[in-house]
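What follows is a pair of complexes built around chain A, which joins chain B in one and chain C in the other.
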Partner chain A sequence: MQAMAKRRTPLGLSYAPPNVPSPARLVPATSGGLDVTLRDLTACDRLGLKGRGASGWLSARGLALPQSNCRAAVSAHVDAVRLGSEDILLLPRSPEHPEGIQQLRADWQVATDVRKGFDALREETWAWFHIGGPDVFHLMSMTCPVDLGLERFLPGRVAQTRVAQMDCIVVRSDRAGGPGFDLFFDVTSSAFMRDSLTVLASAS
Partner chain B sequence: MSMRLPAPYGTRIDRSKSLNFRFENKSFTGLAGDTIASALMASGAWVLSRSFKYHRPRAAMTMAAQEANTLVQVGSDPNVPADVFRLRDGLEASAQNVNGSLDWDFDAILDRLGRFMPVGFYYRTFFGPGRNAWLKVWEPLIRGKAGLGKVDVALPEQRYEKVNLFYDVLVVGAGPAGLSAALEAAQAGARVLIVDDNPELGGSLTYARFDDGPEATAALLRDLIAQVRAASNIDVLTDAVANGWYADNWIPVVTATRLYKVRAREVILGTGSFDQPHPFRNNDLPGIVMGSAAQRMMRHYAVRPGQRAVVFAGNRDGYRVALDLVEAGVELAALVDPRPTQRHGALAAALAAKGVRIILGGTILEAEGTSGNKHLRAVRIGASGGKAERIACDLLTVSCAYTPAYQLALQAGARLNYDDTSAQFTIANLPAHMTLAGSVAGAFALPTVLAGGRRAGAAAAEALGLSSRPVDVPADDEQALSSIALPLLPHPKGRDFVDFDEDLQIKDIKGAVAAGYSELELVKRFSTVGMGPSQGRHSALATARIVAETTNRTVAAIGVTTSRPPFGPERLGVLAGIQKSRYRHTSLHHRHLAAGAQMTTAGAWWRPLYYGDTSTRAAAIAAEVKLVREQVGVLDVSTLGKIELHGPDAGRFLDRFCSMSYAKQPVGRVRYCLTLNEMGTVIDDGVAFRMAEDLYYVTATTGGVDRIYADMCWHNVEWGLDVDIHNVTSAYSAFNVTGPLARKALEAMGGLDVSPQAIAFLGGVTGTLAGCPVRVMRIGYSGELSFELHTPQSCGEALWDALMEAGQPFGLKPYGLEASRILRLEKGHIIIGQDTDAVSTADELGMGWALSMKKPFFIGKRSTELLRRQPARRRLVGFELPETVGEHAGTHPDESCLILKDGEAVGHVTSTVFSPTVGKWIGLAFVPATVAEHDPAIIIKARSGTSIDARIVPPHFYDPENKRQEI
Partner chain C sequence: MKIMNCPFNGPRNSSEFTCFGPVRPPIDPDTADDAAWSRHMFQLDNTPGVIREWWRHTPSNYFFIAERNTVTDEIVATYEPAALHGKAITPKEITPKEIMP
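And then the complex of A and B:
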C-alpha cells in the first residue's frame, strides 16, 4: 500500500498536523500600515456538499441547516455555511478541532443514500484565509463592495461577493476574541490574494 | 503694502507660521492655511493665468474653484485650482496657457484679433491654403496652442485608494442647511455622512454676512459644529467632493488621493448656489469678483480685496458685502443697485450711516483696466436719467443672481425649471430617496434655511422608517430678492464675457443662434459654451436667457445642457486606485521557476513557455519537441477547465450540450467534446471521461471554461434535467506525460496498471499514484503515447516530484507551451480561438466527424443542417513550404498573414511554425473551399510584403495514421 502523499497548500503550508498557523500581521507594525492579521487556514479540514440531496442528507442527520447566506452551529464542533439551497460548506467551529468535520466526511463517504449530494471539493477549490485585527474593517472596506461594518455584518453573516477583484465568500467569523472574516476564494489565486491584502494594508 | 486684515479675519490662516513659495519664478511668502491665490493676493499679486482664447489676464473670481481663471501648474500637477489649493512651504507654481510669461504673454495679441475669430470660426477655417494645409499648418499650430498645463509622464507611481462606505443618509454640503439636516436625521437614529469640499464645516456661515451680525453667525456655527461632533452617528468628510450621482444613490466622493464609493439609502443635497457674474465690457478684469469671493478673501484669509471698491448689488447679499467691506476698512466709492427703488431699507440705512453712496437704477457700463488689463482701474456707471459716471476703484464686487448647484439632482433625474418671479432656476421632479435643503432648494433667509434643513433631515429619517419630529419652516423673505434678471445687452466693443473659461461674449451666443443653432445643446457644441472647467456654472443661466430672448422662448423652455458626472475634475489615479491584476498559479508554479522556466501569461494564469535561458530559446524549444518525439516529456496542463457532471441525466445533458454521443459512452472511456453555439460556431473543445454511470469529468480549454460552465448552468436550468454541474478547474492539478517512453515512466512509479490492456487509447481509469489519488486519461495533444494525470491540487507537487524522479532514467523532463504548440501543429490539432474565429463551423475545420447528426438535438445542430445546404465557403487547410526554406529564413509566414490567389486576398494563416520534426515550415490557414479542393498552390504574403509560395497539404504533418498515440 502506498503512503499518502505529502499535501501542500499553494503558499507552502503542510496539511500534516499541526496545520493551523498563528495569526501574523500582513505588514510590520513599524511600517505604519494597517494592523491586520492573516491566517492561512487552507490546510484545515472542511467539507463542501452540493447538489441534489445534500441538504436532505445533512438534515436527516439532525443538523439544522441555517438559511442561505448565514453561518450557524449545527453540532458541537461543526458550523454550516449555507451558500444555496443545495450548497453547504461545513466548517470546524475551531480549526484546531477538525474531528467533527472528519467524522461527517467519513459518514458521508460510506453513506449509501441515493441522494446525498456530491463532494464539492471545497478543500481543494478554495483557499481559506482568516483576517482579523483592529483595522480589518477598514481594510475590507477598501476591497469589498459589501457593507461589512462591525454592527451591520454581524457574526454569522455570509456574503458571496468580490474581494481583491475576484469572487470570494466572506464569512464574519470572530476568532481569537476579536472580529474578523473567513475568506474562501479560488485556491489558485492564493498568492494574489495575500499580495493584494498586503498592498492594501501597506501605509498610504 | 500688506493687504492683510487683522484678526479675527482669517479663520483659515495661522499668522504664526510663514510659508515661502515661488510663483512664476518669483519668491513670495504666505501663511499656513493660505491658498496659493490668497497668499499671492495678500502680496498684491492677483493675476494667476491667461484666458483660453484671447490670453487676457485672469484672477480669482469666486475663491471657490468654480472657474478656470485660477488653474495653475504646481510641480508635476497641471490644472490645480490656486484659489483653494493650500499653500505648502517650498511650493513651486507657474501659470498655464502663456506664451512667454504670465506678465508678458506674446499671445496677448490675440485679444486684438478677436474680429478674426468669431464664434465657430474653427468650423469654417483651416481648409486652406492648399490641400494639406490642415495637416501641415493648422493642426500643428492648434496643437501647440491647445491644452492647459503639462502632464509629467515620468511621474513615479503614487498610491490612490478606494474605500466603500455605507450610510443611511448622505448629506452633500456642510452649510447651515446640510448641518441642520444631518443633525435632524442623526437625532432620529440614522447613520449620517456629511461631505463638503471645504476644509471645514459651515459653508456660507464661515464667510457670508447674515442679518444677526457676525457674532451671532459665529455662535450659530460653533453650536452646529459642536452638535455634529457630539453626535456619534455622524461622520464627516471635508476637502471631499461628491462628484456625481449614479443609480441607487451611489455617490463617488473624491479627495486628493481617495475615491470613496458611498452608498446611501437617502441623499440630502445641501449643495448651495453659485453667485452669478454679470456680462458687461471687461467684466473679466482682475479685481472684479463675486460678492461672496470678497467675503471669502476677508473672512477665510484676512485678505483685503481692495483699497477702493464699488459694489454692484442686485440683491440683499450685495448690501451685506458692502457692509463687510466698509467694516474691513475698504473705502466704498459707491453701491450700485440696478433696481430703481430701494428694497433693503435697513441695510441701506446702515450703509448710509457709514457714509456710503447708493446709486439706484444704476448699471455697470464697462470696466477699465490698468496697463495690459492686469487689474481693475475704474468702472463706468450708468444711471437712469443721468450721465455715465466714471468711478476709480480697484475692486468691483458683483452680487445680482444665483444658480442652484443642481448638478447631482439633475443627474439623479430631477428636472430644471425657471421661475420668472425669482429669476432663478428651480429644481423639480426629484427622484425618491433624494431631498434638497437650503439655497439649492430656493431658500435664502437663514431661519428658513435652518428649518428647511431640519425638515429635510426629518423626511430622510421618516423614509428610513425612523420616527421624526415635525418641523415648521418659516416663510422665506429673501427668495424673491436674491436674483434679478438684468438686461443682457452686448457692448459694441464686446469683451462682455458670458463664459470666462472659453472667452465667449454675448455676441458669440447670439452669433451661434444667428448661425442657426437655436437649441441649447447645439449652441453649446457650436460655441463651446459650458465646455470649460466650470461646466457652465457661471454661463448656463446667462446663455439660457440670451437664447430665450433671441429665439422668443422662455428660459424654462431653453433650460440647461445635460448634466453628467463628474461634477468636478478628478485625477485618473483616483479612478484607477491600487492597480493589481489577478494572477493564478498552478500548484507547480514554484517547481517551474526552480526548473528555470520562462513564464508567460494565459489569461490570469502563469504558465511555463519553455525551460532555459532566453538566449537559447530556440534551441531549448527544439530540444523539448525532440524530447517528446523520442523519449518522454511532461506538460503542466493544470489550467485546463475541469467540470464535473453529476446525476442520472448527466449523459443526456452532454448529448445536448456537445456534438458527439455521450449517453451511451461506456464507463471508463474518454470521448472528444466539441461545443458549438446556436449558430453552429465552434466555441470550445475538450474531452469527457465517464467515471461512473452518473458522473462525467469534462475538460474545457483554459480560456473557455468560464463560458462553458456558465452556459452549462444556463442550459441546466432551461432543460430541467436531473444533473448537477460543478466547476472543479482549480481543484485538480493536471499534467500530460507524453512520448514513446511515457508508459515506462509511469510504470516506474508503480501503483497503477497503465498497460494498454488496463488503459487503452481514449480510456480512463482512477487510482493512486505515488500516494496521490489520480484520474488518468489516455489522451494527448502531441500525437505521442500520452497519459493525462489529474490529481487534487494539494497533491500536485508530490505527484510531480514522484513523476520526475521515476521518469529520470527515461529522460523525462518538463516542456513548455511553445513546444506544445509545435507538437500539436505537427499533428494538425487546432487551438480554439487561434485557428477558429467567431463564425468557424466544424465542417470548415474539417471536424465534421465530431458531429453526431443522428442525435435528435445538440446545440448548433439545426444551424449546421442549414449551413450544409449551402455551398461550402471556406476550409481550414494545412500548408507547407518547400524544405529549401530553412528555419531561419528571413522570409517566412506568420500568423494572420494573408493568402493570395490571383493577387486577391482570399484567406489568412491561423498557425504556422517551423517544425523541427518534419524539417519544414508548416501551418494552418483558411482558404476558400474551391481553392482547398482544386488548387493546392497558394501564395502567402509575408509581413515584409514578400510573396511566399506554399502548398496546401493534409493538416496531419506527422504520423498521419495516428499509430504513435495508440501504442
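And then the complex of A and C:
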C-alpha cells in the first residue's frame, strides 16, 4: 500500500517544526515573571475520530474508552481523551513515540466498517501546546475560568472551556515529571495564544 | 460573572454559551401555508417570563435546553435535550407575578 502523505497545519512547516521541541521558558529567568515552560507539539501525531460508530470502532479493537471529559490510557502507547459520546481524541502517551497512533490511523483508514466515525482532522485544525513549570497553575488561574488547581483538577481531567478568550480544551497531563496541561485550540490562533501566555507570564 | 450550569460540562461562565432561541413545536413545511411558514422562519414570540430555549456550550459544541426568565434573565433550570421527549415543548404558563419584578 502506498504510504499516505503526512498532513501538516495550514501554516506549514515554518510554523510547526517537524521535530518534537524541548520545553522552553515563556519568559527568560533573568527578566523575572512566572516560571512556565511551553512545548509546541502541534506537529506531533494525534487522531480525532468523531461521529456515529467512532466509539464502537475503537471499543471493538479492545480499547476501553474513558467517560466523557476524561483522559485515560487505552493501550501501551496511546491515551484517549473523550470529548463527547462520539467524539474522541487519541494522543500518543509520549510525543516522541507516535507509533501507536500511526498504527491506529492506518488501521482506521483501511477499515471497511460501515460505521467507524469520520476523521475530525484534529492534527490539522487544532494546535497542541503543553505548558508546565512551577508556576503553571498561577498562570492558568489568570486566563482560564475553570478551577484548575493542583488538587481540584487532577491528572486525567478534561475541561472544554476558554483560555486567552478563545475556545480551548484543557487536559491535565503531567509530562516530564511535573504537573502541566495540554491545550488544544484553533491552530490559526497559535501565535495569539503564545503571545497571550507570554504577556501574562511576564506581567506577574 | 454570571454562571450557567451546562448539563455536560458543569457550571461555567456565561461567556462560554450561545443562545439559539426558544424551543418551538415543529412545523410541517408541506402543509403549512405561506403565512404560517413565514412566521415560523422569521418571527419569535418574545414572551415575557420563563421560557425554554436552546443553548450551546460553545467550546464543546454541546446543545442543551435552558429554562430562562426573559424578564429577570434568571436561569431556572438546564437539562439535556432528551428530557424534552414526552414533555410538551410549549412555554410554561406565565403568571403576572413572574412577569412583574
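What we mean here is this: the second predicted complex is superposed on the first by the 184 of 204 C-alpha atoms of A that agree within 3 Å, B and C clash if a C-alpha of one lies under 4 Å from a C-alpha of the other, contacts with A are read in each partner's own complex, and residues count from 1 in each chain.
We take it that a residue touches a chain if its C-beta (ideal position, glycine included) is under 8 Å from a C-beta of that chain, and two chains touch if they have at least 3 such contacts.
Model, not experiment: these values are computed from the prediction.
A.B. asks: May I ask you to decide whether A:83 touches chain B, chain C, both, or neither, giving the answer as first, second, both or neither?
C.D. replies: second
A.B. asks: With both complexes superposed on chain A, which partner does A:168 reach: first (chain B), second (chain C), both or neither?
C.D. replies: Touch partner of A:168: chain C, not chain B.
A.B. asks: Quick one: is A:51 in contact with chain B, with chain C, with both, or with neither? Answer first, second, both or neither.
C.D. replies: first
A.B. asks: May I ask you to decide whether A:68 touches chain B, chain C, both, or neither, giving the answer as first, second, both or neither?
C.D. replies: Second partner only.
A.B. asks: Counting residues of chain A touched by each partner, does chain B or chain C come out ahead?
C.D. replies: B
A.B. asks: Identify the partner contact of A:25: answer first if only chain B is touched, second if only chain C is, both if each is, neither if none is.
C.D. replies: neither
A.B. asks: If you stack the two complexes on chain A, which partner ends up touching A:118: first (chain B), second (chain C), both, or neither?
C.D. replies: first
A.B. asks: Could you look at A:145 and tell me whether it touches chain B, chain C, both or neither (first, second, both, neither)?
C.D. replies: both
A.B. asks: Based on the superposed arrangement, let me know which partner A:157 touches: chain B (first), chain C (second), both, or neither?
C.D. replies: neither
A.B. asks: So which bits of chain A does chain B touch that chain C touches too?
C.D. replies: Residues 145-146, which sit in both footprints.
A.B. asks: Chain A touches which residues of chain C in the complex?
C.D. replies: Residues in contact with chain A: 1, 8-9, 12-13, 15-16, 57-60, 62.
A.B. asks: Name, in rising order, each residue of chain A that touches chain C in their complex.
C.D. replies: 68-69, 83-84, 145-146, 159-162, 167-169
A.B. asks: Quick check: in the complex, which residue numbers of chain A touch chain B?
C.D. replies: Interface residues on chain A, with respect to chain B: 2-10, 12, 15, 43, 50-52, 86, 117-118, 120-121, 123-126, 138, 141-142, 144-147, 149, 152, 164-166, 186-192, 195-196, 199-200, 204.
A.B. asks: In the complex of these two chains, what residues of chain B are touching chain A?
C.D. replies: Those in contact with chain A are residues 159, 161-166, 257, 261, 263, 578, 580, 582-587, 589-590, 604-605, 644, 646-647, 722, 724, 726-728, 730-732, 750-751, 768, 770-772, 792-795, 797-799, 802.
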